[in-house]
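Lettered A, B and C in written order, each chain numbered from 1.
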């Protein structure tokens, strides 16, 4: 089958309305980011000494990294377990991952006090720091993803020789990619290990990294389903529902293991009494468990739902919402920094309550919009969804 | 005067009158901007019901922990623990990630939220007045305290002093020196007449809270290598199995074809 | 007289100026060449210079660290008995006082209306000439008595008084009657000394009536009290408010305001009726030991319980504990004792309690009358005799208030006399280092009095409220920038010397008074060339050079001779619990109970009291202190607030018989239900105080003026107010 590809896209000015909206959001975020660079983080956010991390970290870092987990799940399925039938899902998920991680880095450039020093993490290293590990892993993984995605670009540019070469060498990078992903997906949980007095006992545990990794797998599967479904809807192409249905069978397994690990840990640690007596914390916990674990487990267990395009999409969305709530809980909602005790001088403003400002949210929305826009452009101008290329098979 | 081997503070909440001379002294000594502070008052203030009242407040700054969580958490190693006690922050390598602010259980590091990238946004915290303690003076806060609520000296000696004080007035003090063992020990030791969490101090075990995080980090590379090996093994195994199956199928087809 | 105004000179202090300069942005003043010459500072202008604080009247010795000709840190001088190496928060903030962006650095002459804050810069010559011309005009037209001189006690006071006496006016306004007239008069009459000294080395039992020592910090004494408590001394503390001192006391007695004397008289009753004092020993030194039982018999603890609200059993027990400590018991004389008209009797009772314990009779005891007379042992410039003053003092001392020492005066009556014009009208007011607009009770009356002046001149370092209302403002150099006469403390005479060059054109008071004196034709009375010459003359009897004193920070004074005899500077030579002097003046010779007024059911006592971060009305503009101060509030008992439907943080309106004020409410457990307390010192009306203006409310706008006929003291807590949600 011949590739139907326009290598030199002709730029048209009548973009679809969505594109204009995305561009506008990106523009707003850019302006706010400039203000942030000129005047500091304070004027554009509600962050304070009591809440040094807020929406940006919860959404752009924690959720952003979680969203990118589809890539390593897909890479493992296709390359390590050689389930080649899932090939069509690979490239979009790799791109999603790639863009997700780029978004993380862009967001960090806005959030860091000294973005121009982001590369210091490579030359000034404190090996006890979880954040260092995440930093190095994310930067390395970006490279791996770039390599995994390069073939698509090469094909688009008709550099067949390079594409072919890269395919031969892909395996070590896949292994590296899965290892790196395991490390940093779990390390996001490890970030909270040093805050046992601040993260509520229903979430804090020494095995947070393990819990994060297991949930990352299910998030990855959810993301693959979501991204495939949305692409098919938007770009009006066929949905590989049979592949998604098969993928969906693994979801209850992953969620089940996660649920077991989580509750066994809570009971062993003696924190069970917090489950129903902790007011808002209990509410957040049970919402996260119900929406992110129990309901998706039930939904994905139903063959009828898995075989329905709408059904599987909605189930994936529910799963993702619940899991994103988990990320928000662990990084923000269930974290209490300042003790509600009088602090003087009063200008210290130890606000016990933090809520992001509008400009703060708009920055994240803008970055997210950029990701969607780039994904859309890639879908349009690159062989993203081409699924019959014989050179994709690994290990030849 | 003998060299102090481990600089430390002793704060006695029963002596503190919340006059804040220490705070003004610190601001002046270290030329702190008007809207920032390295030392603050925390505590429940007045508790009880009229006329049975009690008062509890504490001034505190960096605890100069023995196992600083800020040091453990900082990705670029901007914090170091000097051999003689003070925890030192180095703005030269700081990337402004603010992880240290999360890590510190006492909420000590404060950040320049109002500085952009040209002026440079940095962390600010108590430095233990090195310009004073290495010149035979006491830290600014200690020296000026009118009631000697703040004292300074050799950590071991201060602990002995604190124990003696508790022993001399057992009805006055809670029988505990906060900071002797908390979080592995701190260099800002506290005596109090009211429960320490009413002074704003968190309950901390004697094991440094950075231990769990550091143990997990230690496992990183061994784990990565092992996991890589496992994955490679699985990939190789699956590949061989599939190749085998392919050859078998191809062979069967061949035999079929030749029949 | 009109002045032409050059546009260049026009200085609009009321307008908003370009932001507040942070500490590090002040232009560095020139290095004090003398300090360099004396070796205090190295060639780079770095070093340490000793001087004395002036953020309050305790005057701790300090050591100033100088870098590049700027003060960068103040530390207490370990050799000064008032600091012992420490400084309170105000002392630590002192350099912000010098570097306050709102400093007045040139003489100013008013161009707008009084209170508009429109001034123009002028030269010293022009300003001083103007002051002298106006003062002489008033002297010529109305007599020297028409000129009021008022100043709050400070180290250059002797030369201020010199100006006053040489000018020939009797009208001397000091802040004392707003502060400690009751205490001084009572102890003068009882012990013959203004203020006995306190020694906490061996004290076992301390009774404090008010005297919030942990917030009204006198650095060394606060430290000594803290150490005594630490050691195990028992502190019983009477105060309607749970202050920080209350939190350190073994017993906090939330006594009904105005009834302290009843409590103390009942204590005396318990002691004398049960013969707990060794009266035979005490008798040698005390007049009144005979009749005291009869006199005190009516003041039983049961009687006191009804008045004070304190259980009789407690009063009885405390009296016995006090007596049991014998001469190691201390009934603290207090300081600001201007609470109620009966505060004088409260002080008399305190003096009596001390006499009964024998502490003041014990050498080195916790109370002592061994107080060095001010300036004794030091030299002074010679003085021609002062002109005779025939006019009466406007404040009524001594013709209306026979027992008020002239040095103290009755300041609020002076202000009242300006309004009434009785016995004659004053026309001019010269103020130095004082803020009567904020300090005198009933601020609207003070403003009215200012309105009656033909001429007002103020010496101040900053555009304080009184300066704001003046015709001429003369900039004094801040305490870190000037010399003042030596101050003896114990057996050392301490120096205040400039640690940095004065900023702008600010000058010391010694210089200003001499310059003014010369222009008034009184140059003969100012027999010193300059500040250094003045101090050299002071040092002459000691045979010590000025350079030595500047180097060391003090000069040793010869030990005063003690013959071991304990005498009292009273008419009888003994402690006069029974005072013939009082009797002759028509007052009770014994400490006695005078019933204070009580508020009605919906009124509150309006209390005042110190905060550790501020000194009266003078420091609210200091940015360092402002940074660490609690915001000013009206304290009210939480349950009462709830009943009135007011919540913590609400705006409330406070109404007194003479004024209204608005404040944020603090609903707290730490105050009696029948009292409210307003954070003092705020509510400045000078727009020249950019940090302080608009912050908080002024209690002097609410205070009713009262005068105790015996001591002349004010009664600041006798004002009753109503409070409602604003």
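The definition used in the following text is that contacts are C-beta pairs under 8 Å (C-beta built on N, C-alpha and C of every residue); 3 or more make two chains touch, one makes a residue touch a chain.
Note that this is a predicted model, so its numbers are computed, not measured.
J.: Of the chains shown, whose Cα centre falls closest to the middle of all protein Cα atoms?
T.: The most central chain, going by mean C-alpha position, is B.
J.: Could you find the two chains linked by the most C-beta contact pairs?
T.: The chain pair with the largest number of C-beta contacts is A-B.
J.: Using each chain's Cα centroid, which is most distant from the centroid of chain C?
T.: Computed centres place A farthest from chain C.
J.: Mind checking the centre-to-centre distance between chain A and chain B? Centres are C-alpha means, answer in whole Å.
T.: Chain centroid spacing, chain A to chain B, equals 30 Å.
J.: Find the geometric centre of each of chain B and chain C from their Cα atoms only, then give the gap between the two centres in Å, rounded to an integer.
T.: Their C-alpha centroids are separated by 45 Å.
J.: Could you tell me the distance, in whole angstrom, between the mean C-alpha positions of chain A and chain C?
T.: For chain A versus chain C, the centre distance works out to 67 Å.
J.: What are the residue numbers in chain B that touch two or more other chains?
T.: Residues 23, 37 of chain B each touch two or more of the other chains.
J.: Which positions in chain C touch two or more other chains at once?
T.: 627-628
J.: Would you please write down the residue numbers of chain A that are in contact with two or more other chains?
T.: Expected reply: 344-345, 347.
J.: In the complex, go through chain B and note every residue touching chain A.
T.: So the residues of chain B touching chain A come out as 23, 35, 37, 40-45, 57, 69, 71-78, 93-99, 101-103, 105, 107, 110-122, 197-198, 200, 202-204, 209-210, 212-214, 216-217, 220, 223-224, 227-228, 231-232, 234-235, 238-239, 242.
J.: Under the definition above, what is the set of chain B residues touching chain C in their complex?
T.: 14-15, 17-21, 23-25, 27-29, 31, 33-34, 37, 46, 48-51, 53-55, 140, 143-149, 169
J.: Any idea which chain A residues touch chain B in the complex?
T.: 36-43, 45, 47-50, 52-53, 76, 79-82, 111-118, 120-121, 124-133, 135, 171, 174-176, 178-179, 182-183, 190-191, 193-198, 206, 209, 337-339, 341-345, 347-348, 350, 395
J.: Provide the residue numbers of chain A that touch chain C in the complex, in ascending order.
T.: Against chain C, the touching part of chain A is residues 344-347.
J.: Would you tell me which residues of chain C are touching chain B in their complex?
T.: Its residues touching chain B are 20, 22-24, 72-76, 85-89, 91-93, 95-96, 214-215, 217, 219, 222-223, 226-227, 230, 232, 242, 244-248, 252, 254, 612-613, 623-625, 627-628, 637-639, 668-673.
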